[in-house]
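Here you go, one structure.
Lettered A, B and C in written order, each chain numbered from 1.
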Amino acid sequence: MKLLIILAWRNLWRYPRRTSIILIAIAIGIWSMLSMSAFIRGMMEQHVNDTISNFVGHISIHAPGYRDDPVIDHSMPQPNEHLLHLLNEKVWAARVRVPAVVSSERETMGVTLLGIAPAQEQALSFIADAVTDGRYLNNVEDKGIILGRKLVERLETGLGKRVVLGSQNHSNEIVERGFRVVGIFDSKTENIETQFVFVGRHIAQKMLQMQDNISELALLSKDRNELENLLQKLRATSPDLDIQTWQTIAPLARVIVNVFEGFLFIWYFVVFIAIAFGLVNTLLMAVFERTREIGLFQALGMKPHWIVGQVLFESLFLLAIGLVVGNLMTWVTLILTAEGLDFSRYAAGYEMAGLSSLIYMVLNMSDILTANMLIIGLGLLASLYPAWRATRYVPVEAITRT
Amino acid sequence: MNMKQFPVICRHLGKSYQQGKITIPALVDINLEIHKGDFVCFSGPSGSGKTTLLNLIGGLDTPSSGEISLDAQRLDKMNKSALANLRLHKIGFVFQAYNLIPVLSAQENVEFVMQLQGLNSARRAIKARAILKEVGLEGLEKRRPGDLSGGQQQRVAVARAIVSAPSLILADEPTANLDSHTAETLMQLLHTMNEEHGITFLFSTHDKLVMDYSKRLIKLRDGRIQSDETQ
Amino acid sequence: MAIILRLAWRNIWRHPRRSGLTIAAIAFAAALLVFMITLQFGSYDMIIDNNLKVLTGHFQVQHLGYLEKPKMRSTITDAQKMAEELRKINGIVDIATRANAFALLASEKRTYGVQVLGVEIMHEAKLSTIPGRIQSGRFLSDDTAQEIIIGDALARNLKVQVGDDLTLLGSGYDGSIAAAVLPIVGIFNTGMPEIDRGLIEIPLTSFQEIFSLEESAHLLVGMAKNLDHLETVLTQVRAKIPDSSLVVLDWNHLNPGLFQLIQADMINSWFMYSCLILIVTFSILNTFLMAVLERTREFGVMLALGTKPLSIGQLIMLETLLLTLLGLGIGLVIGGSVTLYFYVYGFSYPGMEEIGAQFGLIDVITPQLSLFAFMLGPTIIFFFTMIVGLYPALRIRKLKPVDAMKSV
């Protein structure tokens, strides 16, 4: 065994140029696989995180029917003590969330009204940190309103000015209330800026005449992967409520993840095939030019499967070195792009696709393993062909040929 | 008569090659017995079949007809793997050129066969050094074949061939690439090995020098034995 | 020339396995690029086409600043007359006049804020896919008809069906209250959530009455016969619009996201293509190099016989060229066949429909059948392999006959 390893290693460096060329091919291959995967993962993570912080949370609780028809009729009481017990130590927020119309003196726009408890949203959604002009809401009784920057422009209003918010109450009457703009928020996506307006929850409840009822309850769990367990417990506690994870609330995020994962896998195979051509050809050449030597091995009594082993070891070394170099290249790439890849020139395009234009590469351990194992495994499989060719040379021919 | 006295026995041995549609007979009805401790030389013009005969005896090639045995084992009945095993334990080879594995040093080349046989590394190193000393290569153990002269390379090959104490050493034109002085030294070395260790040697050559050293000279022509003289 | 060609051809087949693998590598890359690029371009065509056809059109005439702030008062006076004038321009498919407002739309049970579009029945059908995407009921019948069509998501939210009445409440041009009760005659589905959830259409003349617009409108939407010749059409359009308060905007300005989406996708795609081409190039570089190194002795003999190093270099390049062309040819045939197959049957993958709906990819993608899309990938591969082929060819110049012949 040790002998085979020594032979394979030394044979590798008989033609340093040839070895380097194939190493470069393997390294570029694994680098492209990993950076592609890191890029796409980053994009997906971003998308999922954005989805979650756009008021979805990890788990959302609604009254039955709300998701289909998000209006005041489908509201629910504040969480009872059983539910509260489960929510203990979790980050959660209860909101009023209904369609509304906002008007300034000049314009009127359709929006989504969010009546929030400002402190609850702090760790849960983006809004607490997004107010760039004026101030965030103080408490549930705050009489001010926060609008998105784009909406402020559309309405031709501004900080300190008044807007009127209108929506429906339970008896389908339009109820209206005036608010002073106390804060303006910015978002990565223009849609968010024009879609949401924020007021104190009690004020919204008073305006809509809905007592202390709420439209939704969103919660974050520390670990996104333990959601299923928590979901079961919540459902058991409150069988009369509609309790779903973000994957159900925002199905697109799930689909995007699936499609991209499928795409990555196809890309892995494409890269592998491109590498395989070079690898097999290089090993075939190595075997061919070593015909005489392989003949000598056989004459000296080396068994055929040892010769296969020798070629496979050579292939393994090639692959392993190439992979190490490629992984290092990826590592460097990740360090160089730690600040995020800025595609803000195409921001509007990314927004259309529901993505952020500042992408942080994210490399999963499982992606690294998949890519590397795939190349090593399939690479060795492809090397069986040249290895098998090597055993086919009859010793006599091999030695007597000049 | 004890079978051990005849390490090699050929009976009606024949070998032919297929070249396109033509069948070319390389060996025809060879009957031969080789004694232990012999120093035999096959000679004859190119195409006379001497290399083919050597290859058949060495288990590098399989006969088309007849039988061939080494130490009472029928070579014509063995598979690839068994032949490889036989070559490993019973036969040493010295070829005219490209004798050594280029990526291994002199000592590693000698150790190679022992390694295949499964000897531990301490014993291998001791044996290899001793043998290299015996063939006069002390101090050159770490050199790779590319850094050795032709004569030195052949000595390494001889050292490798005898190190595992085979029944038989086959040497195909061992002096072909050497100058006459180096060839003379090599033949003396092989002769000494034969005398002192009693190893059986089979040569194929048309070098007069090799024939002069041999104890038995078998001349081949057109795949048949023309003469068989003990000198 | 003939003899050097024959020589090169035979040299290639001295190692059929090796040459075969090299050709296969080139063919693989070429076929993949042909397929991916035609599909990519096809999807761009489709994204542009589908997006623009829903509402945007190829270009629009609007009041200066209307794009940023679509205000009720930023109008085009006598819009329909101007549209009639513009329709005379050669190269224009049609022009449609539209008026636009925000209003509250109330059913018996629900009220939502929506975008109201006043459309010219005759012309809208040629410019927008909405008239063709009516799911139940029918499209608007006449410019003066008192009726309304709405998106399916909105219909669901309002809990209404065809035949129900809707109350429209907004503010008119003069600041007065604009109100009307209109029956739903049709429900449409474009696949684009924002439109299906937040847009309704009513006949233009009715719109002008309800919102006190008189003869004014907000947009002239135009479609050119050929998107590639849009600029020449726009020059003529601009010439016909004397009023400096009006602007002519092309689709790229109207929908900057679309163009940027394509550019962003281009960057990602080309990163992938470059990696693929690089890997394949390095994979085959070894073959080219070996073909020269193992023939050192042969070249030595040729040099000794008086062949010029340049001729040997030419021979090498010719071998490279033949190998590459063979590979590209096979790749084009395979890639072309796959492309043609999907051109006929359409290309689709699971999940595409959900994602695609956002940017107007409805169900299947049809690859773009153009010479450019076909040849782009193979041409790039060709240049790369030729550059790589130069390296071994140049090494010939270092050969000295005596040394070369010594080597084995």
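Methods note: a contact is a pair of C-beta atoms (placed from the backbone, for glycine too) under 8 Å apart; a residue touches a chain by one contact, two chains touch by 3 or more.
Bear in mind that the values here come from a model prediction, so they are computed numbers and not experimental data.
Participant: Sort the chain contact graph into one of these: line, ring, star, complete or other.
Facilitator: Chain contacts: open path, no cycle.
Participant: Going by C-alpha centroids, which chain is farthest from chain C? Tell me that one.
Facilitator: Most remote chain from chain C, centroid-wise, comes out as B.
Participant: Can you identify the chain nearest the overall CA centroid, using each chain's own CA centroid?
Facilitator: Ranked by how close its C-alpha centre lies to the overall one, first comes A.
Participant: In whole angstrom, how far does the Cα centroid of chain A sit from the Cα centroid of chain B?
Facilitator: 67
Participant: In angstrom, rounded to a whole number, how far apart do the mean CA points of chain A and chain C lie?
Facilitator: Centre separation, chain A to chain C: 26 Å.
Participant: Just the number, please: Cα centre separation of chain B and chain C in whole Å.
Facilitator: 74
Participant: Any idea which chain B residues touch chain A in the complex?
Facilitator: 51, 55, 58, 60-61, 80-81, 84-89, 91, 93, 95, 98-99, 101-104, 108, 112-113, 115-116, 160
Participant: Spell out the part of chain C that touches chain A in their complex, as residue ranges.
Facilitator: 17-18, 21-22, 24-25, 28-29, 32, 68-69, 71, 102-104, 108-114, 156-157, 159, 170-171, 198, 256-265, 267-268, 271-272, 275-276, 278-280, 282-287, 289-290, 294, 349-352, 354-355, 358-359
Participant: Which of the residues in chain A come into contact with chain B in the complex?
Facilitator: It comes out as residues 3, 6-7, 10-11, 14, 292-293, 296-304, 306, 394-396, 399-400.
Participant: Which residues of chain A touch chain C in the complex?
Facilitator: 17-18, 21-22, 24-25, 28-29, 31-32, 36, 39, 68-69, 71, 99-101, 106-111, 153-154, 156, 166-168, 172, 174, 251-252, 255-256, 258-259, 262, 267, 270-271, 273-275, 277-282, 284-285, 289, 343, 345-354, 357
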